[in-house]
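A, B and C are the chain letters, set down in written order, and residue numbers restart from 1 in every chain.
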Amino acid sequence: MKHRMVVLVALVLAYGAVPLLLGSMDYVMSLIIAALTIGGVALAWALLGNLGGLVSFGHAAFFGVGAYTSAILVVDHHWPVLLAMVAGGVGAAVASVATMPALRLRGPYFALAILAYGHIFRILAVEATSLTGGAAGMLSIPGFPTLLGINLASKTGAYALILTIVLLFAWLYGLIRRSTYGLALRAMHDSELATRVVGVPSTHLKAAMLVISAFMTGVVGAFNAHQINFLDPEYAFASSWTVLPIAAAIFGGYRTVWGPVLGALVVFLVDQLVFKELMPSGHQLVFGVLLGGMVILGPHGLLPLLGRWSKKEASHAGA
Amino acid sequence: MLELDAITMRFGGLTALHAMSLSVAEGETLGLVGPNGAGKTTLFNVISGVYAPSGGTIRFGGQDVGALPQWKRAQVGIGRTFQIPQPMRELTVRENLRVAQRFGAGKEDPAALDEILDLLGLTHKQHADAATSLALTEQKALEVGKALAVRPRLLMLDEVLGGLEMATKRAFARTLETVRARFGLTMVIIEHDIETIKALCPRVVVLNFGQLIADGTPEAVFNDPQVIRSYTGDTPA
Amino acid sequence: MLELILQALYSGLLAGGYYAMIALGLALVFGTMRIINLAHGELVLLAAYVAFEMERSFGWTPLASIPVALVVVGLTALVIYLLIGRIRQDRELNSLILTFGIAIVLTNLILMIWSADIRSTSNSWFMDGVVLGDTLFSMRGEVIFCVIGVLLLAATYWWLNHTWQGRALRAVASNRDAAKLMGVNPARIEALSFLVSGVLATFAGVAVYTASVVFPAVGHNLTIKAFVITVLAGMGSVPGVLLGAVLIGVGETLTTTLAKPSLQELTGMVIFLLILFLRPSGLFGRKGMVKK
């Protein structure tokens, strides 16, 4: 009951208070939209990391494929934007099927094989000039439509759209996590033999998580393409789309549903508002320090750390 | 129900099972005994699909299951336990059984889980963490519970009574008998304690050096000179 | 056409010399610690920028800056080693994230100190053409560093097989516990492998600066290349590393000649994936990368 109240208040604040208070500040809204975009990818990355037990260094691949699929469908085939975004997710999911042979590799090799796929997809995007416009990219990609009287192309509209996407994904993630599929996936990390012997097709389940994670990433990539109305291979497959979500997910705690999203908001906003001002070039250094620091100081991310501290405080207070 | 024909298992230069043939009839309870290293656990691993045998065929319920992956063997009705309990970490006792039931038996059935928990005396621990908060007997019970939740036709128990005190062991053996009758199971039991074997198993087979050296009633088998020799350490002729 | 192909083979062979230096450093650390150091390419890059700084500030030839680069890169490698030592659980994956983070830090530090401009040696002696048998062209720097690369590889090979430390390192790589029983301290051997990896990275970095060009993003590509070669070699065989490096070098130059330069990177990636899927123990190795 208390939990529900918290969620309700958070929803009202997210959909109501944020646009009302900040809606007029274009720059701040752009930052929040970008942070949520990264949060969406971070959520997808964490789903694969937490439930699939797979660390990926190549989510930029799915981001780029989603962005290009959607942009090409809208520009060349005049699909409606929102439908094309879903197709972008499907495109990324199909691309993830190509990466499936990597599932039989052990952890670090999987991570790096996916990275290789990212490079391959980027090169293909450059080479397939007739489809993608090559290195020059695609200009004036149509933006979002007006839906139910809300102009989604406005800053506030785009914010509401990406917020809805992220919330839907978080809900889906939570649903999977609580199901027997989620239980089996969580158990697989430490006890793969124990799960297989009771009939869990562990490789199939991991593959399913890979497809879902790629789909989510592709939808977010498509959102980004229609929001900034421009694409080129260097941008769409940039390593930032891998680095930032990993930093966000690890900072926020990738074993929880909300950690990656909160992590993205904190990490990205602090980076843009503080560190970018302090050091205009090279401020991404902070992400490196963050990743290294989290691994050494708290391998489960920030949220569990906070939990531990608050528990400690509570026990102090009780004593 | 289970027919093994000329099963051979080699690990590099070591042959753990030598062209072994064995059949187990429906409803039978078979005791599997033999000295350490005789190949008993290897046989379980081959039947349940942990290892692919180097040669031979495995038929279960008339179907050749030799090519099925491990998880599918569970789904066709082969349940097993491990000598060292393998709980699914991070999950509670009940969640362990839920996963086994959902994937092994194909659908969730809370009432059936309640019954298994009750039969094995785990009801009061069903929400406890499976990896950290169980006593040895409870860990063994959970091991059996996971195998039962799969709704097996064949249940293979690998020293599930090992390491237990005599009184606990007798009680657990009675539980196994109840479970067998309740679910109409065919069972194969690896066990070192001869009294327990005699109490549970009308038929016993003895393995030594990866070969089947005796097959019969407990009385006949345990008086066989070759079996006695195998336990005193002589190599087979 | 034949001439072009021969030229491509020759250039690829020369590139293989310094690719091998880069890859062997990564492979050594992987062998002893089971850790893929994703900051390895940045170590190479750091050496290149030290050479650049010495040349710009004091007019030193790149070869003279090697001792300075050795100190800088060696110390950085040790810091990475010490940081990895702080990891408490799941070292295989956490070290990947940690060294990934270190790579980002180093790239951005280089960006801040030396900017994003493309740098290369201005020493014309290294850029003079050397013509082999009338037709095969190369720069003097390429030849010199290919020879240095092969010599260093041979020296490392000899060191691994004929010195006490080298044998201890191989012992740790093949069986840690047995090595302990033999009185080897694995922690010291691991630190040693990082140092040797740093030495190789230093020479490789000065080679890259002299025979090619550098900019901050190059480090990431070098790490990937080194990893690809290591996978080809099958983790931990010195001749395998050399062969893998030559294969990649030749593959890249042939792609440039026969197809187009923009596909060069694709060659390495496709070879990499093919090897991972078809022959996961590498072309010359036995250690598995596939799950049991």
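Here, a contact is a pair of C-beta atoms (placed from the backbone, for glycine too) under 8 Å apart; a residue touches a chain by one contact, two chains touch by 3 or more.
Please read these numbers as outputs of a predicted model, since none were measured by experiment.
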Handout entry: Pairwise touch network: line, ring, star, complete, or other
Key = line
Exercise for the section: Out of every possible chain pairing, name the one holding the most C-beta contact pairs. Expected result: A-C
Handout entry: Most widely separated chain from subunit A, with each centre as the mean of CA atoms
Key = B
Exercise for the section: Could you put a whole-Å number on the gap between the CA centroids of subunit B and subunit C? Expected result: 52
Fill in the blank from the handout: Cα centre of subunit A to Cα centre of subunit B, whole Å, reads 45
Exercise for the section: Quick one: report the Å distance separating subunit A from subunit C, using the average Cα coordinate of each chain. Expected result: 32
Completion exercise
Residue numbers in subunit B touching two or more further chains are none
Practice task
Provide the residue numbers of subunit A that touch subunit C in the complex, in ascending order.
Solution key: 55, 57, 101-102, 104-109, 111-113, 115-117, 119-120, 123, 126-127, 239, 243, 246, 250, 279, 281-285, 287-296, 299
Fill in the blank from the handout: Per the touch rule above, subunit A residues touching subunit B in the complex are 180, 183-184, 186-187, 189-191, 193-202
Completion exercise
Listed in rising order, the residues of subunit C that touch subunit A in the complex are 36, 83, 86-90, 92-98, 100-109, 111-112, 115-116, 220, 224, 227-228, 231, 262-263, 265-266, 269-270, 272-273, 276-277, 280, 288-291
Problem - Of all residues in subunit B, those that touch subunit A in their complex - result: 48, 50, 69-72, 74-75, 79-80, 82, 86-91, 95-96, 98-100, 102-105, 108, 131, 146-147, 149-150
